[in-house]
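Chains here go by letter, A, B, C, D, E and F, matching the order in which they are written, and residues are numbered from 1 within each.
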């Protein structure tokens, strides 16, 4: 029940096709997933998000797999089914094992519980946790 | 503006003091942070959450620092100021550098953006991302 | 997988049918969408929400289309698929073009990103932004 | 209780100062708000977000004020106090009157109410609202 | 850091004062809390919300205290500090004991944890839970 | 589109089967719902959550039905379709009538509306609501 007409790889205006080609080259794959086909309905958004993804998701001080697991943590907390599926697949492709996956979800679940206890009891932040005073 | 009377370490009923002592031993520290002093107003909740924290946050397939960073990702997405402060401090104590921290927040921010684009456009989940059919 | 038995237009108790008739008259349409058929299971809720919708969504200082786009911004942020679909359709009926729609979603996405950066870094509110002191 | 050491305008590394200068020029103002001083702790994030803000918030099919009001709708829904303050100030500077502001918040409140009713009753999306089948 | 100039009881325009008077009569109290003083900046919103509060919060199939505890559950999950404080005070005034309060927060915390596990694992809804097919 | 291979009752490793058996005994039912079959993919998480559910959901100062309705309030606010379905079924099994159900959803909807008004206007917490100073 997608809200836009998705643009197909191979049948796209040049500025969109250029991003499709770059995505495929970066991923060493011939497949474009629906997220990019849908964003392609707005070439400016598609190009901007792809630029951000390249900058943010490239391995740096955090490796690529850690970044994917952080992405999953956010996507589960927000309840974004597309994002849960696509980033879980990406994390598995980067080496996430079953054990890592279950530990990830256990942390996400527990953090959501304690977040509500901390906010519910309106617990004051300890002086010791304040980095700049 | 805490909603409960916090229980102080050293001045607690025995079942609460036992958890305080266990927390201090586990952390090799003499300090109890406000989260546990507030939960102590309900000894059952305090004991249950401490049991969960021990089980979930112990290093396993994921190391302790990765778990703390996942906790931060959830806490930022939920906007729990106490949790943001306490788990950022914990992650720094476990070795999170400035570079790692900024990359973590960049992933959290971007994931929140693309989560809303995926949900906003109601992008259908690709067959390729479905693990069990 | 609706949780209530929806009430059909033309086959409703009088107090519900009166609201159906008013909705159709207000919209100059013979069609009742599922939201109202489901709320009709609780006539008090149905009447209360219809009263609120009339008061809030009527053009005033903001025109009807701007109000629909604000509605979409909230619905995407909350991930309410029904609301995303119904208010996107309503906004299109009121004149939202493709260009407006994509700019709307781009703002929603970016706002979600910067919201998490502002909360994640716990950025203090500038004095200059505080309207009453 | 900011989590990073904010970078001051006039006392910043060259790549950060260049963004400060661009922000001031774009806004025809000599003032930099805390959001940018905090992001400056991560020059890559600062530059990336500023690039996105320029692309997304520039008037296009939607005028600048409508975009600010959509930003407020998201920020209120996410409960980001910094963003609520800064974008309300920005919207007022762009011409939002008291009447517009109160209507905006009324729509945001009502949308949050009906979002929960739609999700709570799990109301099925009407065929008529599905744009692509 | 309130965004509007609050209207004081006794110093209000007639349509606002009438609502203040009705609130005080309904509560058998001479005190108006900040929520209503702030909403009074928009008399239409103030009147509409007060009408809704009267309809929804009046004891019916659910007693007044149960309704307040449901309000707290929502307010904690949304992280609305004002609402957490005001509805916790209201629930205590209606008879919520310490034991009830701690059990309430324990359910809220656990529900937030299992919500994320259910969404994270994308668990399919059992046929047995679907009320209308 | 579940993310894990669900474990079937009667075909489970001993430590998982023991929890299945305990769940069935506690519920006096021979049926295991998908939530537990999915959690069973991680026996540690399954056992930990079942222990928490027993502790938290047992009638105490709050009766079992009130606890289920609080669970629904959280699940609707978070938009967890699985949880909405399973806890609505559980509440109905424990005696929730149609009237109670509609009042519950009305409170949940209204609380979400006023939460956003309180946060949107950044209404300051009244001194009178602060329990410990």
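Going forward, a contact is a pair of C-beta atoms (placed from the backbone, for glycine too) under 8 Å apart; a residue touches a chain by one contact, two chains touch by 3 or more.
Note that the coordinates shown come from a computational prediction; the quantities given were computed from them, not determined experimentally.
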item	value
Chains in simultaneous contact with subunit B and subunit C	A, D, E, F
Counterpart interface for A-E, drawn from B-E, C-D or B-C and sharing over half of its contact pairs	B-C
Separation of mean Cα positions, subunit F and subunit E [Å, integer]	20
Inter-chain centre distance, subunit D versus subunit F - centres from mean C-alpha coordinates, in Å	34
Distance from the mean Cα position of subunit F to that of subunit C, given in whole angstrom	27
Overlap residues in subunit A, where contacts from two or more other chains coincide	1-4, 41, 44-45, 48-49, 52, 55-56, 77-81, 84-85, 88, 105-106, 108-110, 112-117, 119-122, 125, 130-131
Topology of the chain contact graph, where touching chains are joined (line, ring, star, complete, other)	complete
Residue numbers on subunit C that touch subunit A, as the complex places them	79, 81, 84-85, 88, 98, 102, 105-106, 109
Subunit C partner contacts - residues on subunit E that touch it in the complex	1-5, 44, 48, 51-52, 55-56, 125, 130-132
Subunit F - residues contacting subunit E, complex	1-4, 31, 33-35, 38-39, 41, 45, 49, 52-53, 55-57, 60-62, 66-67, 69-71, 73-75, 77-78, 80-83, 85-89, 97, 99-100, 102-104, 106-108, 110-126, 128-131
Touching residues (chain side subunit C, partner subunit F) in the complex	1, 3, 41-42, 44-45, 48-49, 78-80
List of subunit F residues in touch with subunit D within their complex	72, 76-77, 79, 81, 84-85, 105, 108-110, 112-117, 119-122
